[in-house]
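First chain written, first letter: the chains are A, B, C and D, and each begins at residue 1.
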C-alpha cells in the first residue's frame, strides 16, 4: 500500500524532474531539430562497407548478441566476450571487429578515433548507427561474469580516485548534487537517479562543436580537463569507468543517440 | 527547487532499485591505491605537457584517497603545515591588477595536454566560483566569492591568506577540492597576485 | 526523446527515401535569388530596409517558438508560424549577430506560413520575425538568453 | 562533414504534410579560425527550394547564421500519400544537392 503510494508519487514527479533544469525546454527543442540521423546514415554505410586487407564489411561483427545482431547490442554493453576473454565496450569491440574481420592493424584502425565537425571518425559514425538500434531497450551491461564484476569494481574505485596535477577524481565534479561548472549542470554519476537519464543519451551530437561524440571520447576529454596524461583508446581503465556508469544506469530505457551541450 | 518532496520520493525509489553499494565511495587500502596506480600506468600515456609523473600520488592525494577526503586530524594537520611551509610567499604588497586577474579567472586553460607548454592565462576560477556579479555564468562547485574583499578588508594578513589559498588550497584544508594552482605550476606569482587583486581590490567588480 | 518524435521515427521507418543527390547547378543558379542588401546588412535597421520592412506593425499573430534560455548559441532552435491571413513571406533576424538576417522564407500556393530551423546566436538577444501579409509587414520579437557552459578548456 | 549525406522525411500531419530535411554543410561564418589560426572562408547555403510534384511551394534564402548541418521543417497544405517532394540547396560557392522522396 505504502509502496503503491510511493510509486504513484514517483510517477507524478517524472515531469517535475524533467523541468528541473532551466535548459529542459532548450534540450527538448534542440533534440527534435538535431542532425543525429545524418550520423546514423554515415554509420550504416560504414558498417556495410567492405574495407581492410580482407575486403570485408563489419556486418558479421558480434557485439554481444550474436554475429551481425544490432538490436539491443549497445544497451547490453560493456560485457565480457569469451573470444577475447575481456570486458569490452562498443568502441573496443568495433576495433576488435576491424582487426579480425577486416584484417586491419590496430595502429591503422585507431589512427583517428576522435574526429571533428569537418571529418567525423569511423567510430563516431558507427557508434551512432549501432546505438540507435537499442532505442527503447533497457540498459543492461554484463554483471555476472567475474571479469565483469572486476571491471565494475575497478570503475567504481577509479571514479573516486584523486590524482593528476589538479588532484581531481571524476567525483570532484560529478560527486555532489545540484552543482554546476559555469552554467552546465553536473550529474552525480554515482547516483542512479542522475546516471540513468545521462547514460541513456550517449553517444550524442554535441551542439557546441557540431560533432558526434562517444563515451570513449568523454572519458578521454574528462581526463584531459582533469590535467591527467591521456588514457589509451579502449583501455581497461576507460572500459571499467563506462561499465561502472552503465551499471549505475541499469534499467533505464535507452533513448539515444541524443544531443549534448 | 532541488529538494522538493516528490523528488525525494523519486530518489528513494531509484535507490531501492539499485544495489546498496552503488553511489557510495568505496573504502580503499594502500594496496588498492598501488594497484590502481599500476593500472593507470599501464593504460595511460604521456601527451604534450601531461607527463606520466602525474599518475603518481603525492602525500596529500594518498591521504585523501585513503580516508575518503576526511582524514583524522592527527594526520591532516602535519600535512597541511608541510604544504603551508612550502608556499613561497612574495614580499610586500600582494594586490595585483584586478583587470588582468579577471582575465585569469575567466580562462579555463592551462596544464592540459592540449595547452601549449608553460604557463597560460588560466585559473578556471569562474568554472567553480561566483566572483564578479557581472558574470552570471559561474559555477557552484566552490563557495561564492562575491564581495570577498568588501567583507574582509585588504590587510597584509588577508592578502597573504588569499595568495596562499590560491597557491595551495591544501595548506588550509588538506582534502580541499580546489587545485593547488601555484604548487601545480598552473599559475605564476604575478597571476596569483592579480587574482588577489580581483578578490581584494576595492575597485574590483568582485567588491561592487 | 519525445513520444511524438518516437512515433514520427517509427512511422517514417517504412519510408525508403529515394536519395537523388545530384548536381543540378545550372537549373538552380538560374532560379536562385539572394537579397545581398538585406543579408549583408550589419544592423537590424539596415536589414529591415533591405527587406522593405521598415514600418512593420507589431502582431501577436506571429508565433515564435524558441527556448527562453539556450545552453549553447551555436544551435538555437526556432519555430515560426504566422496566423495572419494571406501570409506570403516570413523573415528571421537575430538582433545582435554581426549580420542579423538569418533567413527569409517565401511561401507559395500550397505551403503553410511555417518554418523551423536552427540559428547561431553570438550572445543573448531578441529574435525578430517579420511577416508579409496582404501587402503589409508585421513583426514579433522574443528574447533568447545564451549562456556559457563547460570548463572553457 | 564537409560533404556528406542529405536526408528528408515527409509525413502526414493534421491537415498538412510535415517536411523535415537534414543537410550536411559546414555553414562557415568566415570568422572562425582553424587549428593553424587561419580564417576559414565564408561557406554557407544561400537558397533552399521545396517542390511538391514539381511545383515550387517554398523558396528560402538563408545566411551563415543558420547552424552547421542545417535542419529545416516546412509544412505543405494537404499532401497525399505518394506525393513527390523535392528539396534542393545551393550554396555561395555554387555547390548544390537535392533529395526527393514520397509522402509517407
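In the analysis below, a contact is a pair of C-beta atoms (placed from the backbone, for glycine too) under 8 Å apart; a residue touches a chain by one contact, two chains touch by 3 or more.
Predicted model, so just to flag it, every value in this text is computed and none were measured.
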Chains in simultaneous contact with subunit B and subunit D: A, C
Between the pairs A-C and A-D, the one where more C-beta pairs touch: A-C
Rounded Å distance, subunit A centre to subunit C centre (Cα mean): 33
Distance from subunit B to subunit A - Cα centre to Cα centre, in angstrom: 28
Separation of subunit C from subunit D, taking each centre as the mean of its C-alpha atoms, in whole Å: 13
Touching two or more other chains - residue numbers and ranges from subunit B: 112, 114, 127, 136-137
Residues of subunit A whose C-beta touches two or more other chains: 33-34, 181-183, 207, 210, 224-225
Subunit D, residues touching no fewer than two other chains: 5, 7, 67-68, 70-71, 73
Topology of the chain contact graph, where touching chains are joined (line, ring, star, complete, other): other
Pairs of chains satisfying the touch condition: A-B, A-C, A-D, B-C, C-D
Subunit C partner contacts - residues on subunit A that touch it in the complex: 22-23, 25-34, 135-136, 181-184, 207-210, 224-225, 255, 258, 261
Subunit D - residues contacting subunit C, complex: 5-11, 16, 29, 31, 46-47, 49-50, 52, 55-68, 70-78, 86, 88, 90, 94-102, 104
Of subunit C, residues touching subunit D in the complex: 8, 11-12, 14-15, 17-25, 28-29, 31-35, 39, 74-76, 79, 94, 97-112, 114-120
Subunit A contact footprint on subunit C (complex, rising order): 1-2, 5-6, 65-72, 74-75, 77, 79, 116-118, 147-153
Subunit A - residues contacting subunit B, complex: 6-7, 9-10, 12-14, 16-17, 20, 153-154, 156-158, 160-168, 171-173, 176-183, 186, 188, 190-193, 196, 223-225, 227-232, 235-238, 247-248, 250-251
